[in-house]
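The structure appears right after this line, and notes come after that.
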Amino acid sequence: MHTMQINVERHRGRRASLSERLPEGLVILPTARVRNRSNDTDYHFRYDSSFYYLTGFHEPEAVLVMQLGEQAKSTLFCQPKNELREIWEGFLYGPAAAREQFGFDEAYAIDQLDAKLIELIAGQPRLYFPIGFDEQWDRRIMGLVQQVQARARNGKPAPIEFVDVRAAVAEMRLFKDDSEVAIMREAGRISSEAHIRAMQTTRAGQFEYEVEAELLYHFYKNGSRYPAYGSIVASGANATCLHYHENNRRMHDGDLLLIDAGCELHGYAADITRTFPVSGRFSGPQKDIYQLVLAAMEASFEQVRPGASRIAYHDASVRTLTQGLLDLGIFKGTVDGLIESEAYKQFYMHGTGHWLGLDVHDVGEYKIDGHWRSLEAGMALTVEPGLYFRPLLPDSPSHYVEVPEAFLHIGVRIEDDLVVTRDGHENLTALTPKTVADIEATMARQAG
Amino acid sequence: MHTMQINVERHRGRRASLSERLPEGLVILPTARVRNRSNDTDYHFRYDSSFYYLTGFHEPEAVLVMQLGEQAKSTLFCQPKNELREIWEGFLYGPAAAREQFGFDEAYAIDQLDAKLIELIAGQPRLYFPIGFDEQWDRRIMGLVQQVQARARNGKPAPIEFVDVRAAVAEMRLFKDDSEVAIMREAGRISSEAHIRAMQTTRAGQFEYEVEAELLYHFYKNGSRYPAYGSIVASGANATCLHYHENNRRMHDGDLLLIDAGCELHGYAADITRTFPVSGRFSGPQKDIYQLVLAAMEASFEQVRPGASRIAYHDASVRTLTQGLLDLGIFKGTVDGLIESEAYKQFYMHGTGHWLGLDVHDVGEYKIDGHWRSLEAGMALTVEPGLYFRPLLPDSPSHYVEVPEAFLHIGVRIEDDLVVTRDGHENLTALTPKTVADIEATMARQAG
Amino acid sequence: MHTMQINVERHRGRRASLSERLPEGLVILPTARVRNRSNDTDYHFRYDSSFYYLTGFHEPEAVLVMQLGEQAKSTLFCQPKNELREIWEGFLYGPAAAREQFGFDEAYAIDQLDAKLIELIAGQPRLYFPIGFDEQWDRRIMGLVQQVQARARNGKPAPIEFVDVRAAVAEMRLFKDDSEVAIMREAGRISSEAHIRAMQTTRAGQFEYEVEAELLYHFYKNGSRYPAYGSIVASGANATCLHYHENNRRMHDGDLLLIDAGCELHGYAADITRTFPVSGRFSGPQKDIYQLVLAAMEASFEQVRPGASRIAYHDASVRTLTQGLLDLGIFKGTVDGLIESEAYKQFYMHGTGHWLGLDVHDVGEYKIDGHWRSLEAGMALTVEPGLYFRPLLPDSPSHYVEVPEAFLHIGVRIEDDLVVTRDGHENLTALTPKTVADIEATMARQAG
Amino acid sequence: MHTMQINVERHRGRRASLSERLPEGLVILPTARVRNRSNDTDYHFRYDSSFYYLTGFHEPEAVLVMQLGEQAKSTLFCQPKNELREIWEGFLYGPAAAREQFGFDEAYAIDQLDAKLIELIAGQPRLYFPIGFDEQWDRRIMGLVQQVQARARNGKPAPIEFVDVRAAVAEMRLFKDDSEVAIMREAGRISSEAHIRAMQTTRAGQFEYEVEAELLYHFYKNGSRYPAYGSIVASGANATCLHYHENNRRMHDGDLLLIDAGCELHGYAADITRTFPVSGRFSGPQKDIYQLVLAAMEASFEQVRPGASRIAYHDASVRTLTQGLLDLGIFKGTVDGLIESEAYKQFYMHGTGHWLGLDVHDVGEYKIDGHWRSLEAGMALTVEPGLYFRPLLPDSPSHYVEVPEAFLHIGVRIEDDLVVTRDGHENLTALTPKTVADIEATMARQAG
């Protein structure tokens, strides 16, 4: 879906910004490979996120090459224009149109890449590329470097430093600009509506994948041709498996249904989790657990603001959940002691969120020099506390407690997408019903 | 969707049959790799078709090893059972349960593969594996062979022949058994219904992908989590691009809409194309072209029966289309002369069909020793004539004719899935409306 | 040293013979790579033995391609003629002269290899190449096969069998023709003379490598620019290390000196071992052991004749050595019992010989279907019994015996090169002194 | 020949010095691979020069790992001690003895390398290794980095910079310390003696390789088991081919014989060229050319002193040779004009020398930031002017002149090895006769 206006200036600005961050050298950044699915059928192509972030270019078999320094220059290598081939395989920009419409300084056909790179690599002190990411690219680029070395006698020396360019782009991508937040807001809206549709169409007796069908249908109708990640539609005990994705169980009245699903829009991910009763009404124990998780979420929200430590909102959820488990009689002891001993990990074994952006688990460091970094405006992240009650495994740690019968097999997670603003945060997925009352009311209004 | 009963005997029978076809040696057949989509997010895993055909096993990171000859034995290597990891990543069979439920003679954890293979390779005259398919598997297996060579002094010799096992499995897969036809019949039914839904929901003003959403929704609701190939939803001039897949044009009254889409069910593909008017009513020139393509299809159907040459049904379409283009005044000359000069390739540049099965372009040779093979019962194939009227390119062959204005930009293709029976064929997708009258009537009954 | 007359007919005959032995397909046989020694300095190039056997061509960067079957054809790919480059790097034949002088049907520059192979591979049922020998050749050839596969739709199919061509050439190389025996006779003569020179120049106080210098000097003066293998010049206890190659000990009166060295002439190896006293006179215990090994050698010689089992001459040495060790009081028991328990392996841990030819450990199977093959006229082999008396290691097998003080650190091996004839064998290295008397007499005649 | 006292402190000092030069990170430096010659026979192992420079360790299958920074530590990975295997393959230090005798902080068996590296790589900002030098090492190390990346979530990050460690070691190796100069002086002496032996044994009617045999014999007798590079023994017109190495022509009275040969001692190269008449007496034209080259050499010698530009001694040879060719009537014009037009390149097409050390073409940059560097004390280099008179090729540049008949096929080069001292230079190979008079006198004293 490339219906968006391409914003040439924005991508050009990102390349200029990267150029300023990096010491002299040459950037070589290929987009992703087309991935084979079976025999001659491929998966739907997904560009490399960092390549797309810097170029806006969505065709496969493309490489961005950037000369840095005073005479910075961006060159695109892409598939050549070929009208005969396009009868079979569809439209291609070709170098000339790509250069003009995407704002590159130069553009060439991809089959010229090696010849041009040999010229461009010679004399560079270092190369920036996604080294260690793809064996074939490593071998190809190091092979070109060897050719430059072989010619270097009295000529231009070959580079001796090789830097993973993904690190610098990751740090840029961590801070979303207005245009990115606008897309993510839209992705959040579409995904919220899809969750509402799921609540309103779920019926006992259906298979989980039938609910998934409703979510994907709504994504697709709104121009999202791929979910941001494999949807989790987990009913009953399945909800206690964190990345359940079989989605083929028949649902029953009395089950909770945990849905973790979000669309991908113009490359950007939404990531929403809701947990609701198949019957439309929470049982008592379900409501106890649900409201505890919701309270944890609200405690976490307060910690999502500029200057707060990256870990503070996780700590807030941990404290709230531990207190709640004490209050429910599941834990014995003191809150501080239980946190100290990590007792909560029996029921809450994952973190409270991750960066969000062009990847659902978006890039960007969590720590700087071993210390949690502070939140800053423009960072986008998820908040997703949960509780999962599984039977004790035979070889569980000795401090694990017996799970009360009433809570066994309950799994609850609630997840929203937030972007840090100058004075707090914006919830991009606030539209999705979250309180017990709102959920029950939404479910009562069955879809037409 | 692994809701089907696993038919252990059927898969065991296929392995026995393969064993009988192959001279002494060792078969090593890995399933497909998990394919990365972006950062840490993968595409939905699709097993290797031939691996699945022989095993029924659908988990990733699995390898089938078969000792051939008198003491034939099938061994599965798969991911080890690990309940702690399953909390995070979901259910795994593990070797013990996989051996029992899928009927292998032995099963081991995948991390034992190299050690066991070194033992099994020694003394074998030849290895059967998908050589040349995956660089890393080639390197790994040839590395093991080198280790066997290094130990061979006075011991068991290393193999010196390496055969692409895919060829023998392909010949088996070409002939579908009853259970396969049953699944394909079901895949055809679901896909037909989806096309009907598309006809009944299409409206001028929609984007093409909105129609695609209806198709995928129906697939998914019926347990097909992936289409058999990237759907083509091509309106107006887009229909003259054979593999158009952008699907993001806004449709107008007066457009024809060409949809080429089918679901994948338990691994088996359906592949249906229909072309219909967005408005619900064909125009005169659209109807002329449509009925000509439909006549070609009917002529082809007569050639799909045991004993007919594989190419006969293509020839039938070519002759019918050529005659029709003469009758319409687009061509001048004689039918035989036009066929001889391949004049039809200006408007009909593709073949009339392909094998169909676990892959949409299914495996199996089309020719034996350079000659087209004959059709036999159990072969499944598509019949898909078409006509595509594009403006002349500047450097077109000199014998290409000018396209009459009335037909310009019209693209029509009609495609059904047939399986050859003992006395003719069965049309697995006959349910989908195909005549002008049926299509117009179907479209008049708008979806609720 | 390519001073020999190239015998075009002989190499052409070998290619024809190979062609008759192999079922239809394409042979691809590269010569060896130039091996880097350090920085930009390479080792002295050695062609691949099988490539040279079939072509007589000695330049690096060359590949033999053979089309088999009715229209058999041999094509050489080699470095192009380039007079400017030859000012720097020396003479090259170039394709035109190579074709004519070495008798190929066609010849091309090596940079055309990939393009030509793609044409030649298409339509072949199998490829013969040294698969599994060199990772880069495997990858390159399988990459070409993939390109052929990608073009195969309705065209020429890609091969699906890949056979290690080395096996068939090895069986041919096992049987030496007259011209090969003539070269090996000459290599034996030069190497014998070198051993005599070593006997006559050895002095107590010299380093072992000084004796090696004499051997290599004689090889080189006679046109052998490389020894057939790393020379072993092992004095005193060093002789009990089987592949000692440091050669840097200072020799003393009273030491035995074991020399295992042979020249390579026109690619063919000689392989001679002699053991003699540094002082020129054997001590009593040295003479006891030496004469026992010599007796074993003579017993083995009787088993080198057509029709004898390949293992018979090893068994003869084992029996003679075991009896001798009994007679010397080192072993207790019966000969048959000691052979049964492999007691001899404490002092004689290696085999009694190996095939000899273009490689010192020449190619060719020792067993057929698990059984030792019979000797036949034309086979060339070494006979090399030995005895090595080392102190017991702490964790030696319990049946190992204590070594009498008088024999400790003695190592003796005697090795000659034999070719099987129609009625027995010819000893190619008989010129080298071997009896105690001859050795002592030779050493008494010191070199001028 | 590892008869030298290992100087542990010197190698430890080099590692410390490297550690000071490099920003924080981990050094991984493997020694060279054992190189296969044919079938199971390998070339004589040569360690990697930089590995040896830093360790003094000469066994194959060894890797130096250095942790840099405050807690710098050097670890050796080498072959494990195995007395049983040593019976077959000879002595190995093993980690324990290697650590002690070569002064490492730690040492481990080589099969622990991957496991240890995964620990050591984690948390490092950069890796230093010979990246781009050996495909298999690149793949192995980047594979380990990927494993560290996969574990990095919340743990120690993987490095993102990869630096070719060879550059920093090269700059160290460029400056020879006293112990290195001492070895090179010895290598120069042995090589000089060998050239004298060659002069005194050369006779018309011999093959060139017989002279080579004398050189190699003298090297070997003096403990040099390998020449520093492939010897050039080029008589008559062969001397005009710069890297002639066939060495198989029969020499005649009247020929000049050009010998370029030097020994390798404890890893260090000598590199001497002399040109002399096979008959023992120079002809008139031979003497003209010879004395001109010798004059160029003497002019160059004056420019080998601290502070002189690296290119000055080449320029001195060029000017002297150009003036001489004018004086001989071969050139017409002015010296400056002829230098400007590079007329001399017709007869003198190579540079006047190269760095010398552990490699004959030793490492170290010739230019800094595109400008020729200055000579400094401790640099070792060759001075090797020459003249080569070949017939004009058909497509020679238009300014090339006709070669006077008297000089045709004459090739002369003279080469010595110099080390820059604080006030000039020391000639390490001055012992080799160089004037016409000295050469003729030396040849008159024929070897006994």
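The first chain written gets the first letter, and so on, giving A, B, C and D; residue counts start at 1 in each chain.
Everything that follows uses one rule, which is that a residue touches a chain if its C-beta (ideal position, glycine included) is under 8 Å from a C-beta of that chain, and two chains touch if they have at least 3 such contacts.
Keep in mind that what you see is a predicted model, and the values were worked out from it rather than measured.
S.K.: Among the remaining chains, which ones contact both subunit A and subunit B?
M.R.: none
S.K.: Tell me, which chains sit next to both subunit B and subunit D?
M.R.: For subunit B paired with subunit D, the chains in contact with each are A, C, in label order.
S.K.: Same or different for subunit C and subunit D, when you check if over half of the residue numbers at their contact belong to both copies?
M.R.: Looking at both copies, the contact residues mostly coincide.
S.K.: To test your reading of the model: what rotation angle superimposes subunit A on subunit D by C-alpha positions, in degrees to the nearest 5?
M.R.: 180
S.K.: Using mean Cα positions as chain centres, tell me which chain lies farthest from subunit C.
M.R.: So the chain farthest away from subunit C turns out to be A.
S.K.: Using the average of all C-alpha atoms in each chain as its centre, how far is it in Å between subunit B and subunit C?
M.R.: It comes to 54 Å between the two C-alpha centres.
S.K.: Report the inter-centroid distance (CA atoms only) between subunit A and subunit C in whole Å.
M.R.: For subunit A versus subunit C, the centre distance works out to 61 Å.
S.K.: Centroid from C-alpha atoms only, then distance subunit C to subunit D, rounded to Å. What do you get?
M.R.: Measuring from centre to centre gives 32 Å for this pair.
S.K.: If a residue has to touch 2 or more other chains to count, which residues of subunit D qualify?
M.R.: 135
S.K.: Check the chains against each other and report every pair that touches.
M.R.: Those chain pairs satisfying the definition are A-B, A-D, B-C, C-D.
S.K.: Report the residues of subunit A in contact with subunit D in the complex, numbered from low to high.
M.R.: The contact residues of subunit A facing subunit D are 131-132, 135, 138-139, 142, 145-146, 149, 154, 157-158, 160-164, 166-167, 365-367.
S.K.: Report the residues of subunit C in contact with subunit D in the complex, numbered from low to high.
M.R.: 1-3, 32, 35-44, 46, 48-49, 83-84, 86-91, 135-136, 207, 209-210, 212-214, 216-217, 220-221, 223, 225, 228-230, 240-248, 349, 358-363, 388, 390, 393
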